[in-house]
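These are the structures in question, set out in turn.
Shared between the two complexes below is subunit A, which has subunit B as its partner in the first and subunit C in the second.
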Partner chain A sequence: MSGILVYALHYEGAINKNSLGAVSEGARLASELGTECHAIVVGETAGLTDELCSSLGAYGATKVFRAEGPEGLAQPVVDAMAKVITDNDLGYALFGGGLLGFEIGAGLTARLDAGVCMEVVSVRVEDGKLVSERPILGDSQISDVHYDAGVGVIIGRLNAFEASENGSGAATVEDVVVDYAPHSLKATMVQRGEQRGADVNIEDAQFLVAGGRGLGKAEGFEALEQLAGALGGAVAATRAVVDAGWYSYSAQIGQTGKTVAPKLYLAAGISGAIQHKVGMQSSENIVAINKDANAPIFEFSDLGIVGDLNKIVPKLTEAVKAKKGS
Partner chain B sequence: MKICVLVKEVPDAAVEKRINPSTGRLDRSGEKNLNPFDTHAIEAAMQLKEGGAVEVDEVVAVTMGPESAVRALHKAVSLGADRSAHLTDEGLAGSDVNGTGYALAKLLESESPDLVLLGQQSDDGECYTIGAVVADHLQMPSLTQVIKIDVDDGKLRCERQAEYGYDTVLVELPAVISVGDAINEPRYPSLKAIMGAKKKPLETKAAGDVGIEADRVGYDNARARCADFKAPPDKAAGEIIEDEDTNETVEKIVAWLDERKLLA
Partner chain C sequence: MAEDRVPTHPVAPSQFPPPVDSVKEFIGAPTDPEDERIEVGVAIVGGGQAGMACAIRLLQLLEDDPELTERLGEVPVAVIEKGKVAGAHQLSGGVMNPVSIRQLLPDADDWPHWGEVSGESVYFMLNRKRAIPLKPVPPPFRNHGNYVVSVAELNRWLSDKAEEAGAFILTETTGHKLLVEDGVVRGVRTGDKGRDKSGGEKGNFEPGSDVMAKATVLAEGCWGHLTGAALKGLGLAGNDPQVWALGVKEVWEVEQPLNKVIHTLGWPLRPGAKYREFGGSWIYGMNREGSKPRVSIGFVAGLDNADARLSVHDVLQEFKLHPKVRRILEGGKRIAWGAKAIPEGGYWALPRLHAPGMVICGDAAGMVNVPKLKGIHYAIESGKLAAETIFQQLKASSTDFSSYERAVHASDVGKDLYESRNMKQPFHKGLVIGGAITNAMVVTKGRFPGGHWKNHPDAEAPLLLTDRHERYPKPDGKYTFDKLSGVFLTGNATRDDAPSHIRIEQRVPREVAEAWQWMCPAGVYEVPEDAPADGPVDLIVNPSNCVQCGAITAKGGRLTPPEGGDGPLYQIM
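Up next is the complex of A and B:
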């Protein structure tokens, strides 16, 4: 009745980290509700081995539904989840942070006439029901969201749910045959997971200098590379500048990029949108340079400099070099 | 081909947004504007129309909202839409994502578009999801956060960034596509277009006109309900330096970093 179904995204033989977090969170909530947490995977059968599916048991799923279908697209998963939720009379659908979870959760909301809450940072049990908490108005407030529907859809914020191997072992695997809706097959993947730009490693760097649209042009990254070099770190970028082709995708922080927590995160020309914040807010020290005094990044930086980064960054590079050399 | 662009009126970025404590709903009073993310969707429609790869007969701006939302439609028309449709009804006020998506789908059904475009998010609600809700109701293929659209043999070849890199997806029409802000640089409306916007056809529709069932929309029928607003955990406010003398600013930054042993 109140059972929970978690969508587990997979790619090239591995389950997504945010999905694993969602399974752990689902298992925790299910045990409080006195019910079970199930997971569902959708994809090509060859990639969905019994071993991969049952491994979700370690994170607390008791059963894993496996459906053969197209990968990397939301609508087929909506069909599969709607079927499993309806056939098994489940009460909640839960997603870890990420793009597909938003799309699937939204489609499911329409299909099942469900209640939905997105950007969820925490979930609790109250009177035998789940209550979601989500930040609103640029994270200036947090709102409780109560579900008043047969099915509640919970779409997590990136990194909101931590994966923990608290399960009791392997999950049982049940194959489901899904009759896909015609519209779900009208979008087809031509190429998935294309990497654009050079492969750079930012996850191991203790010092990151990140650039955003405020750099003004692709060449603005040259100054950041020099500063990063002086600090002994690497350069990262926001989604906006990666999409604009100014910097490598592999250096991108945030929602559809990497999550980092270096000793120092220096943000240059980054306004601090939530999609970026979720990928770097755990950094030990956050320094921001931005010419707009009202930029949201100043609300969560430890040191904020209101000024022109083109003037400040080159001088800072020289000063850091001088200090380190002394 | 007929393109409908979903637009929304949102509080102006300069207005501090707040929750009305007596209703638990966003206080949408004060200066309003067209949702900035929607201007990218209108621009995408205009580029398809002007691109010539497909014949676009009409671009229609569509919105749901109170009377004042007409201004968002005027703005959309000044940016190039040929006409607009406004769904407005007391019974729709306070609808949640589920109800709003359903109502917009009913309005769109009455227009029978070949393509529905919208922005990736609204500046106020930050939900990112309305396109996928609408698409499921309309039973159309859908993709969000698209940053490139090419017409390819009557289909749309779309690119977007997803969890593992860039995906290229071929989408059959009719479809619902939400565009990311990297897709284009929206044009500025000409003075002539601004002046002429109010003269373009604008149709106003009530919920009943497009077959919306009253018990599926509005505050009382919300499937998800916000309550109990609280402040997030306090984070100590950071130090702020206004850069007046850059040499001095840099000295302060270096001292700050050094204090935290980051320059060792």
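Up next is the complex of A and C:
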């Protein structure tokens, strides 16, 4: 038993970006283990079309289990995953992260007497088994976690796993009938809303324009918002400016904020202390604008611009708009 | 060299006191309804060596006294510890005299250490290239028979021993307010959790609780929050005010084991009396079978320094550039960093060690032998003596713990502190003259020149601005480091959206603002880039960087404990 089951969260007809990353990661690990990666979706039948489910094949899932049940709640998913893992003798459960993933993963671990590791940033294969790598001590060290128990539960950190369409095509869809425990049906979804009142989910944005104290004042963010708007992305901030009240906490990146990995991270007036770096270092492309050529951020930027961001950012916005023809 | 900038009117941080009335805010009667209060036998605030030794000794004594144990209730001994685990906020050089731990736990000799001291050297650093060994090694620096330890690690071990003996260790819990009724200390109120920046209650808000105790032990370490309030509010302050030094430490994994302990005096500190720079370094080999060799290296400087631009963290980086140090560290890797204040007032600053219902132990009382750089065994010894007095007096249903103070003064702790009572103060005359006077004191066991050399509060030292900072190396991230990368290594994850636990006057003259900025090893205080060269500065404060070293309390501010569990998570400090 070594097959991997990945939980795929869906909302309004789309699979969550972190879930797609987890499926891709599961598929990569399964191929190294010489086994298969399956996914599971739980929700109302109307929203779980064959098309949506089988699309996970593009990310490497060979089979998708579809269970009808309440949406967005942890306990029903625990029931469904426990059944699929037991019936199919699977070895690992993998989650892309998020609060729901933590809750399901914890419940599943208790249910199956499994081993669990959360906030995992990387998984590797060693001697035919999976080993989770988890940052500890405020991300200053990495610990390796091996699984002793029969089933290993791996809960990724948000954005730790990158979605890639390396699959061989459509996955087969298998309906499973789950006999939900009475307590699993006690909770109902009343309302969904974005945590902490953020307008844009910066963890999912492909383009992030982040501002630091180098902006000089709160009004400096206006130019960043225009650039983010032109790029079709979102605005993020450092702890220093959030502390100063220039921007909302929901946009804070770093050790004590959010961890992001967009395609482009444009850092404006950010010095790049390690506490900020750990929140954005896995971004695909890092571009930094800073007037201080000695700022540490230039040491891990793909492109660095030494200059006055008040002049550069508006020009960049114009250039992006011109290129996009709007 | 640029001219030193000496203000026309002397400016000192003490002229800008923190906006806090610690007696009013941190001492008071219980507020929880009676049936909601938590009853314990003895409440020990602080799970360091003093607190743990006190807990262990109490439980040893209670083991043979079921009658008193019964009277102390379901929780005979509770240790209130603000760190994530016991030891999380513990830092020392550290060389320990093993005498006290052996007396406390004669049957357990498996306490963790990093080797017995087998060799030692003291150097006087002349400049950035040269050093001369002091031979023979001056008596206070002789360490044969002592052990290199990590107090963070030692405390995890002591915590296990205390727990095995039956102590309740309440980690992630702060002692926020001393509960006093009718002049008798009745326990402590623990701190709230889950408040937002403006003090409002978040969704996960948990109020603190009144912990009622028949005896309260303040073993809070070098910057005792409740101790500070008690000294004022209960009139316990000593002859002289307490003074502190700041120590910044790194632990390195190295290729070649260092088989000795090294102390240095002199460079990079400046000898001129006007700078008031008193301190030195330590470099201790940490060797243990099955572990890669390590080195503990640190720098200590008195916080009554005059130059606002003295930064102990950066002095340590500068010090590492000396070829003598490079030879030891080069090719190695820094694995840990930390900082802590050290009470250096010695004998004259010792407070009264008891009040009705309460005693003060260890660093909280300033039990540090400055010339010998020792304090760990005093902490253990005082915790043990406190336990013995408390046990005797509780048996007699008394809250009079005055015999603890007599026991401390009669012990080696009191004797050593008395002998070294004047040994730090002469250094205000500069290193050479001060050193000569202190040597005379060492030789005569403090009899010559006798008398009472006074200490003055660190925050009253007038400040000047020099070009000191231009000598600090630019961090390369491999051998020399900035402050924030150190904070990162401590595992500090203090919540950002919590109320600030640092009470300071935020609008101060540039001298004071810079003094705090440079002093703080964790980058908590920042002078804004666009601040005026003259006139008041509006400081930026980053409380979530704070590693709770306590320096700000010495230098004119007031540290209070943040939410329990916040702060560093030292492993090997």
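One rule holds in what follows: the second predicted complex is superposed on the first by the 192 of 326 C-alpha atoms of A that agree within 3 Å, B and C clash if a C-alpha of one lies under 4 Å from a C-alpha of the other, contacts with A are read in each partner's own complex, and residues count from 1 in each chain.
The rule is simple: a contact is a pair of C-beta atoms (placed from the backbone, for glycine too) under 8 Å apart; a residue touches a chain by one contact, two chains touch by 3 or more.
Note that this is a predicted model, so its numbers are computed, not measured.
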Larger contact residue set on subunit A - subunit B or subunit C: B
Touching partner for A:A14 - first (subunit B), second (subunit C), both, neither: neither
Which of subunit B and subunit C A:A240 touches, first, second, both or neither: both
Partner chain(s) touched by A:L316 [first = subunit B, second = subunit C, both, neither]: first
Subunit B versus subunit C as contact partner of A:S140, first or second or both or neither: both
First (subunit B), second (subunit C), both or neither touched by A:G105: first
Overlap of subunit C and subunit B interfaces on subunit A (superposed complexes): 136-140, 239-240, 242-244, 249, 256, 274, 299
List of subunit A residues in touch with subunit B within their complex: 9, 11-12, 16, 72-75, 78, 98-100, 102-107, 109-111, 113-119, 135-149, 152, 155, 181-184, 186-196, 207, 231, 239-240, 242-244, 249, 256, 263-264, 274, 285-287, 293, 298-308, 311-312, 315-316, 319-320, 323-324
Residue ranges of subunit B touching subunit A (in the complex, touch as defined): 17-19, 26, 96-98, 101-102, 105, 124, 126-137, 139-145, 147, 157, 161-172, 175, 180-182, 216, 222-232, 235, 238-243, 246-247, 249-251, 253-254, 256-258, 260, 262-263
Subunit C-facing residues of subunit A, complex: 136-140, 239-240, 242-244, 249, 252, 255-257, 273-275, 278, 294, 296, 299
Residues of subunit C defined as touching subunit A within the complex: 474, 477, 482, 484-485, 487-497, 540, 542, 544, 569, 571
